[in-house]
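Input: structures, listed below.
What follows is chain A paired twice: with chain B in the first complex and chain C in the second.
Coming up: the complex of A and B.
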């Protein structure tokens, strides 16, 4: 997949996902060395193009690029000066003229990374677009579960929270289904997308049923300011019904692990005492994020002229 | 495990004294077992002087076995003796295999050294892929292999073990990788097969077999079972369907790093 974009987990097949996971395993070993740097992308340039603020994901990509010896440039145009799609493409094409070997894009509107990818010679890696996808988050979640459980096939993964607005849920739903896990979604009915079960997953409005026999419990961030009073009556009520604590976790398997893409709302999605220790693996997810992004950069980076031949839809 | 099949080399054919690196001993001895094991279209290994007449045109798959399992074991026994001879302080040695081919060889060397000298040496695995000099120019990224360094490198005599040494680029990459793990006292190199075509000033300290080859040939260590465990052999294959000018099809370059 050299010189290719990573836009959505939906586009990948099983063998591609497995290849990324195996590559991540090797990159994880590099991260455990004293000298956490290899010369693989020496002389290559990586641009982090973040139209939407994100410290965590951007830092993770930045460290990943630097561990591969790439020169990393962060570019975060203020969103106020870039509201039209034309402006976004112009910015991206200007950056592309400086010959980067990969461009990491985050934007609050779904589909923007795809539009940019169609216009650039550099491969584009989607770092989150609207409510569409966040592929590297799903890959690091896959990798973390694989490390913990030794397999993905046959596991039961329960995703809890604002499924409707979550690109993390969407990417993870594809990722875990494609590798043979059973995916369950649990949320208040207002936060479940209509007809979501047509994607081959099960939707629950009862946390207890969704947790029954789960190997992995994945929590999503509740955006309190945006949702409270609109999709559920109050934060407190959400926490009571869908917030995870040790008591509710007992419905899952004894060795179930708890995941969260961060940043966490303590006392809302997850109880204070559960966030910081086993079976929570939240910080392992962060650590693995660097290895997985190194793997993605290793596999994707490299310019391929698109030669004016635009792909379908552009 | 020994090969349950009939003996690969009739014992007694080889009069090669251990401790001596005789180039081309297998083919020079007209070793019958090589011919037995190789395919019907195999050609005799002409190892002295310039390469012999080319094989049948378009004869893709023409292959000959240049080292069978017993010959490999013999070479590794001799190399173990040479390591003992040249290293006073055996406890300082750290065997580091270059995957995949170097791994079974390094393990066998460690077993030999334990048997002969009673030393138990660490065996590491060092993947060189991330240190290659041709990654960006390749269409596909090669898969990464395992790296496992069970011992510190500082102050040790690191013995790199590779199966087939050719351009020297893998060894260059391995040395760069090694230096990122620490500062070895010195680095030595074991190569089971030296097939020539060096592109860098790199010399093998302990050679199993010198094997002049054409660039169009591919030299490969492989397991008889299909995996790199149990009985091994080194095969030379003519790769005649190569397109000239395509570096990714160059067998020498392809097996480098």
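Coming up: the complex of A and C.
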């Protein structure tokens, strides 16, 4: 990882990804114990700085931190004194002055975790920034596929949905390509990012072609309120053309698995009966999220206590 | 004021085509003699060996922020930054507070400029009241108050009928209508060039076609009305091609390009530095190449900085929330000398685009070294190496994408109306 921050999968190389996966495997074992706690980060402070509301990711980071014995503080500016009067960097530096050992940042605008990381001494972990990246989501998806398939290399991964606005899609396309998978994106033309094939993936507007031979089918949440009418005509039309059901899934490999970062829109991007049982692994993803975030926290915040080694240039 | 002898410089006069080493004598605010081996007499002597001597540069596109946003810039600081960058005249945009849509604001700006600015200041008035794009301003009254053009710069007149009437009505005053050509509905919420860079950054893209569509409309309306349309900050290959074709069929169109659109790529935004956010955005390499070809072949007449000061606290925010724009007065010379070093412009043609053409576009004197012309002059050392530090510059703001960069080439002396106003070793000297 770049320094001790985790800002983007784009910045990581293969060996760093593999190291996180192997560390996650050890952390996953902790989660299966009677006492789900190890002293690894005892005495360290972790701040969840969530400028954008999120229950799932924040809870996952919180549980991960607590299983490592860190002191976890949640800071959600919407519920604090933060208004437009205090800028993001002022907020972050205020928290930094309280000497946290890691800061987990989510913001609705791409690039904010990077700007905060540039300004802070503490390691910064990106928990999702706009339509840029959501690195720990991609890592938990990698881990889940690795557990299911025993490998990443040579797999075909098809990501379906609103790629244009998806940080999950961006992080995943880097993560899976770097480990040797073929990544395909499928969406209506209005929801494919411009020049996306320059990132080393293939873009499809035919769901059938995108699914043929796929080992992994990954669905993205459609943000109905934001999109309908501008990027596609209606939810009904989207569900008909790109919603996944068992009939369309037949185009993929027989043993293909179905993934979704949640929260799911039943009947929109995924059929009701497909969401709850195999080949869906949606709840395994959630479970693995804790292990992967434990690994990331350990690797970012566990090596040198704060004050031990200061990053250069900060 | 007395006399100034400028001796042994390379005289570059696009108006006459002169490019030769010689001397130049300034007396009582005017050029009184030009030639090789003038006999030196009384007065100050400036040794110009190794320097280029050119008519003063005229920046067609500057935001001086006064009245109303003096914490970003004011007429005094902007004027100082201008002469330190080699500009003897600045054309300032109307988006001040209050907006320059009334003669009283024009008169205020001109009055402040006379008292405070070492550079000449030529105000642009809003084309529509309140820059709202609805009702045209009192063009005759504003013209008589001293404006040199009309523009809703920063905003775009989206209503095509309003734009048509503004162009037609401008026939009464015969000054250019400057268009900030970006179709707002296509820009949508875009903040960086749409393409691989917006995809990688996860930021909303502003497509090149937003500019091209709008330039196409404005060219057609200019053709219909016969008015003089000036296209601000051209950034796309499509716009360059449309302007070239329009001029060939006789449309009265002129155009400018900024130093940043000539030299920086959209990739500069990959670190989320808000000092790489401008409107229109930095583009990809094919657009940059087309702009360079356009300035080289004369399709684009002028280099203009779109000097847009913003305070640090305004830029140090989320990328989407940061105001667009960068300062450029003090870096335009070294940055655009890149085109001379790459042999896309001769020194003479480079001066034409910074001096002679801009003065022609706004119909003001200047842009020439002819005997009798006002002594607005600049000396350029094309080889001088220096590091640009905005904190040490004259602008009040620091929002430059070139902060900390090594620069090659610099204005070393600036003279306005026969008065030495800047010397690189002594700084700005007056007022």
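One rule holds for everything that comes next: the second predicted complex is superposed on the first by the 290 of 314 C-alpha atoms of A that agree within 3 Å, B and C clash if a C-alpha of one lies under 4 Å from a C-alpha of the other, contacts with A are read in each partner's own complex, and residues count from 1 in each chain.
Criterion: a residue touches a chain if its C-beta (ideal position, glycine included) is under 8 Å from a C-beta of that chain, and two chains touch if they have at least 3 such contacts.
Note that the structure is predicted; figures quoted are calculated from it, not measured.
Trainee: Between chain B (first) and chain C (second), which, if any, makes contact with A:167: first, second, both or neither?
Mentor: Second partner only.
Trainee: So, A:263: does it touch chain B (first), chain C (second), both, or neither?
Mentor: After superposition on chain A, A:263 lies in contact with neither partner.
Trainee: With both complexes overlaid on chain A, does A:110 touch chain B (first), chain C (second), both or neither?
Mentor: A:110 contacts chain C only, not chain B.
Trainee: Does the superposition put A:89 against chain B (first), chain C (second), both, or neither?
Mentor: In the superposition, A:89 contacts chain C only.
Trainee: Is A:40 contacted by the first partner chain B, the second partner chain C, both or neither?
Mentor: A:40 contacts chain B only, not chain C.
Trainee: After superposition on the shared chain, which partner residues are touched by A:299: those of chain B (first), chain C (second), both, or neither?
Mentor: A:299 sits against chain B, while chain C stays out of touch.
Trainee: Just checking: does A:194 make contact with chain B only, chain C only, both, or neither of them? Give me first, second, both or neither.
Mentor: After superposition on chain A, A:194 lies in contact with chain C alone.
Trainee: Looking at the complex, which residues from chain C come into contact with chain A?
Mentor: That would be residues 194-196, 198-205, 207, 271-272, 313, 316-321 of chain C.
Trainee: Can you name the residues of chain B that touch chain A in the complex?
Mentor: Chain B residues touching chain A: 127, 130-132, 135-136, 138-141, 143-147, 176-177, 180-182.
Trainee: Which chain A residues qualify as touching chain B in the complex?
Mentor: Per the touch definition, chain A meets chain B at residues 1-2, 19, 22-23, 26-27, 29-30, 33-35, 37-41, 44, 68, 101, 298-299, 302.
Trainee: Note which residues of chain A are touching chain C in the complex, please.
Mentor: It comes out as residues 10, 87-89, 107, 109-112, 114-115, 129-133, 167, 170, 193-196, 198-199.
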